[in-house]
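Just so it is clear, A, B, C and D label the chains in written order, and each chain counts residues from 1 on its own.
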Amino acid sequence: MRKRLRDFGIKIGNFPSGSKNLITDVNGVKVGNFTLIKDEPSIARTGLTLLTPHEKDIYDENIFASTFVINGFGKSIGTIQIEETGLLESPIVITTTLNVGKIADALISNIISEHNDLITFNPVILECNDGKLNDSRRRWLSEKELENALKNLSDTFELGAVGAGTGMVAFGFKSGIGSSSRIVERDGQKYTVGVLTVPNFGRRSDLMIKGVEVGKILEGKDEKPFGSIIIVVATDAPLIPKQLKRLCIRATHGLARTGAKSTNHSGDVVLAFSNAIKIPRKPSSTIEIKYIPDNLPIFQDLMDAVVEATEESILDALFTAEDMKGFNGNEYKALPVEEILNFLV
Amino acid sequence: MRKRLRDFGIKIGNFPSGSKNLITDVNGVKVGNFTLIKDEPSIARTGLTLLTPHEKDIYDENIFASTFVINGFGKSIGTIQIEETGLLESPIVITTTLNVGKIADALISNIISEHNDLITFNPVILECNDGKLNDSRRRWLSEKELENALKNLSDTFELGAVGAGTGMVAFGFKSGIGSSSRIVERDGQKYTVGVLTVPNFGRRSDLMIKGVEVGKILEGKDEKPFGSIIIVVATDAPLIPKQLKRLCIRATHGLARTGAKSTNHSGDVVLAFSNAIKIPRKPSSTIEIKYIPDNLPIFQDLMDAVVEATEESILDALFTAEDMKGFNGNEYKALPVEEILNFLV
Amino acid sequence: MRKRLRDFGIKIGNFPSGSKNLITDVNGVKVGNFTLIKDEPSIARTGLTLLTPHEKDIYDENIFASTFVINGFGKSIGTIQIEETGLLESPIVITTTLNVGKIADALISNIISEHNDLITFNPVILECNDGKLNDSRRRWLSEKELENALKNLSDTFELGAVGAGTGMVAFGFKSGIGSSSRIVERDGQKYTVGVLTVPNFGRRSDLMIKGVEVGKILEGKDEKPFGSIIIVVATDAPLIPKQLKRLCIRATHGLARTGAKSTNHSGDVVLAFSNAIKIPRKPSSTIEIKYIPDNLPIFQDLMDAVVEATEESILDALFTAEDMKGFNGNEYKALPVEEILNFLV
Amino acid sequence: MRKRLRDFGIKIGNFPSGSKNLITDVNGVKVGNFTLIKDEPSIARTGLTLLTPHEKDIYDENIFASTFVINGFGKSIGTIQIEETGLLESPIVITTTLNVGKIADALISNIISEHNDLITFNPVILECNDGKLNDSRRRWLSEKELENALKNLSDTFELGAVGAGTGMVAFGFKSGIGSSSRIVERDGQKYTVGVLTVPNFGRRSDLMIKGVEVGKILEGKDEKPFGSIIIVVATDAPLIPKQLKRLCIRATHGLARTGAKSTNHSGDVVLAFSNAIKIPRKPSSTIEIKYIPDNLPIFQDLMDAVVEATEESILDALFTAEDMKGFNGNEYKALPVEEILNFLV
């Protein structure tokens, strides 16, 4: 993992970030990566990223969530039920496109092994396509790999070409996982917004960093646009599903600031959750919740925070990922950060 | 107003109805009709129905709401903001298609007259087309007529060819306003669901009453399908917007049981609200609410209650409306209830 | 397979059905079932149903499609991309809930084996839960079982407790697969609408056949509502995606006529496609299409046909399925058709 | 009207613009403004902008259209029917929030006066709130004002503080109407994309021009965010409704590049139409259309063109509008273009 955006003194937006500047700054959120890099029997440059939204059993203690599809050329699994109920009952796994079936099954295996009576479960598997660097038709990832990611669950984690980010490419450069967080504070209330992204989209010429059209300055030419981005937004602010939808939509604004245009074959999917309120799967009575009404000024802060944390998270995926050679002899170079810094003042 | 369905001992569904079997059985809900019937300078058979969801100022004390469009050949106003915020800030007015502009403006006039600082307001005007019986191009209704409906606000109101129901036609018979309510009670909790409908759709041959294809038995022939239905669902059960959306969708099931097929030129729009929780327009802090989680069995009861109250409400609009002659010499007969009773065993 | 509804002279709706009264009356559509019934090492009462929408390679020659979620407590896979592009690029597979991951992967295996360059593919896997009769946690179905269904592809197929219908239960009775078709003809145009359903929902007391509340007449008591329904609508009428959405929604009306209320834990998902127009995956120019504008009267016929074919298809699943004992000693009886016939006139 | 962005040699994006760099570069599109500025009996700084999408009667010859709500704190009228049918049957009018009722009625008056048999019509009235500069509670605009805009219909029109733009404010500066167009050309095909915007949103500190955070450099402080943006996208490329939805969504990306964050009380509504294909209201048969499949590379160009034309259009509204004093003594200064130019290289 190379240096992060902030290590160069580059700041995006107005709010302070949390102590790690990671989605895990949202209390209770953990992330675990599994990375697979090998050359035999074929080229594997792949992995998966697992996120658990709180420290209890998410199947038994659901939380409010929402999704938004910016561009739906994607194969993500699990959004129908979230949209109906406003509830998340699954850990979130991000992996590569053709591997979603195997990983959905692996997650089902894991969850049913821990719930004897379970015969229905909504696995949430989000995906980007690592087929430029990975022999993705092999579908390398299954139960064992998921278990390894589970073992790696932690409130800190590496960025760049690890986990689901292993084989990702964005704007013609090697990409990976990015993450960022923001603290919003007002009238005695204080909340954290965290974002995790897997950018895997865009043409070189589209890349924009802090408004500078870096992609047009750097040498190189465009490939046909391809790929996707997954954006996960976490918060400990108590919000209801309709408000989380509003947060999801703001990820679009952050995405657009990196130069993204959400091309035809891109699966740009956002999932937002709040882990502030737990809804038991088997409730015994009405539930008392506190929530932030939309007209309270701090709700505006939360939406704004999503915009900037998304932008920074995407850029960090590019800043931190390193050169990679992979499938079919394809090679993607890391973003030439030193060169870029010249343009950024 | 003729006799209601229940006056003939006909019962729809399983739950008991409220004391009035009206949407106003939901505590705080009031309805006011204004009816215009005159022959000069042209034929007027029109009106409007106004509903206030609670007894406070709805602009200052919003409530959760949701809408669902079964078939969107309609001109209803105000759904965009409800879908964004999940909040209703307006009384609900139902009137005839070409009159929506004038009535939207009349409602704006009324609301701004009571709020000195207001420069934005989302009027909710729902509509069906009374153009078969009314010279609707005249757009008879404006501020004065809205004020008259306001004066008529009450927790009881007439059904049939009054208010927005004045010129309505359904299944080839004279229609009007219908309403019904249900009480759901479980584990010490007790809530009311109320429905108000303005059925103005369907071919004679489609009409089905308690499963009997009455429309095919009765003499007469089909006209070209035309028209719409507005369905308003009210409850005092504490529900959040996503749950109110689920209630909205169940109105489709009740509608379908009357034989409706939601034809091409039908604007079938549902709006549901809960007046249990009031969200101040200018909140000063987080808000504590109690709500019924989806997995609590009484939530299922609430959804089921919408199905049956919708069905009964639609049929009651037909049972209560009387013969009417109107524009262009058109005449629509009341449903021949006595004849139908023979088929209903 | 027991007798079908029509074998008893029961007719639903107004339009004539196609020669087989199956979804395969739509020219080009084929269906293949795989059924697994065994008692060792545990109880298997499961299967899958595969549908190919035309006789060419659907991955290379896409067709217009749309989906609609009546109630989204479901785990179906593949709807995001259909909703974005309006295109179906996959066969449609229906199976049991916990098996969706394995079958998604099996379908990916199958499709990539036939396309050397494919690294992205949107598998469409729809599901209902057969866990009342099947030890569904075992997830019995995988590549081999999918291949068997492929071998069975035909323009005729059995109904009842076969394929995805093997372990299904509806209204407290043994259910299975149902299908029905309608021919619409007007002004020299003639099209077919076909429907395939897998009903797996509802309380006994809700069942309604031709308007008769059969479920309340028959002995027996309600279980807790559970389960889902998948509805696939096929047509050879040339329609664009937005129109197919309108067809999808009409499946709700047909569903409601059987007494369904789309309960809280039901995944009621509709997918409609037209195989009249093929859109090449790699088009070389603009495409000339003929389509039926919404205001042409035959478009209304197509929507109406969906209502009645859906209703009949659901009832036929119940009529044709036979008694079954299964997991945990659970037994579900076939619908007592002879007894019911007494109530239907 | 002050100078436009291009007059200073500032270029946004990659595609050439049309000859006028206006939405009216799309053949057949006409725009007419009506501007009202007066101080008695109260302060009027308002107007309306009317757009006709082709030169025939839009009520009788509909076109494909779609809408997208980025943030729905808005009162626009007419989107329900467009979303159902994919068809536009109305001219598009943009005006101020509280005036939508009166203008909807004025448009109804106008359309019914030209169609003797019309009793249903879906007026499309989009809105932003000019209440900072205009005594908008007066609702100054009605039939006469609409007729004046109709008289002004032309394939050229002024930008800045005219028509619907008269009282608009964006990023703390005087705003107005903006417009821009792009030509896409590939493989012998050539199409135009035109955009018209009415920006009325945002905090000063958010403003970004070509990536430079101008708003943070310029003196002045933020007001509470308020207001909205209407974005109309026109094209002569033959696209079906689902594709126009995809174009709509790309307006978000262009919007975000100006620094917009779509704040809580913003009504950010996009409407896109193609005037390439005319669908008669009373069709007599199937319709033959040519359309651009999504996978043809020029479809990607069309989506990209929306991003850049939207961005430029918003900036042009700010560049062209002049200082204005208005209601309550409020004054909004024009964007200090000369000062800004210093930062833009």
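Criterion: contacts are C-beta pairs under 8 Å (C-beta built on N, C-alpha and C of every residue); 3 or more make two chains touch, one makes a residue touch a chain.
As the structure is a computational prediction, the values presented were derived from the model and not from experiment.
C-beta contact counts were set side by side for B-D and A-D; B-D has more.
Distance from the centre of chain D peaks at C, each centre being the average of the chain's Cα atoms. Each chain gets one centre point, the mean of its Cα atoms, and the points for chain A and chain D are 33 Å apart. Chain centres here are Cα averages; for chain C and chain D they lie 43 Å apart. With centres set at the average Cα position, the gap from chain B to chain D is 34 Å. Contacts with at least two other chains are made by residues 71, 84-85, 246, 294-295 of chain A. Contact residues of chain C toward chain D in the complex are 84-87, 187, 189, 238, 240-242, 246, 279-296. Contact residues on chain B toward chain D in their complex (touch as defined above): 69, 71-81, 83-85, 97-98, 100-108, 112, 118-123, 129, 131, 136-137, 139, 265, 267, 269. On chain A, the positions that touch chain D within their shared complex are 14, 70-71, 205, 208, 210-213, 225, 246, 249-250, 252-257, 260-264, 294-295, 299-300, 303-304, 307.
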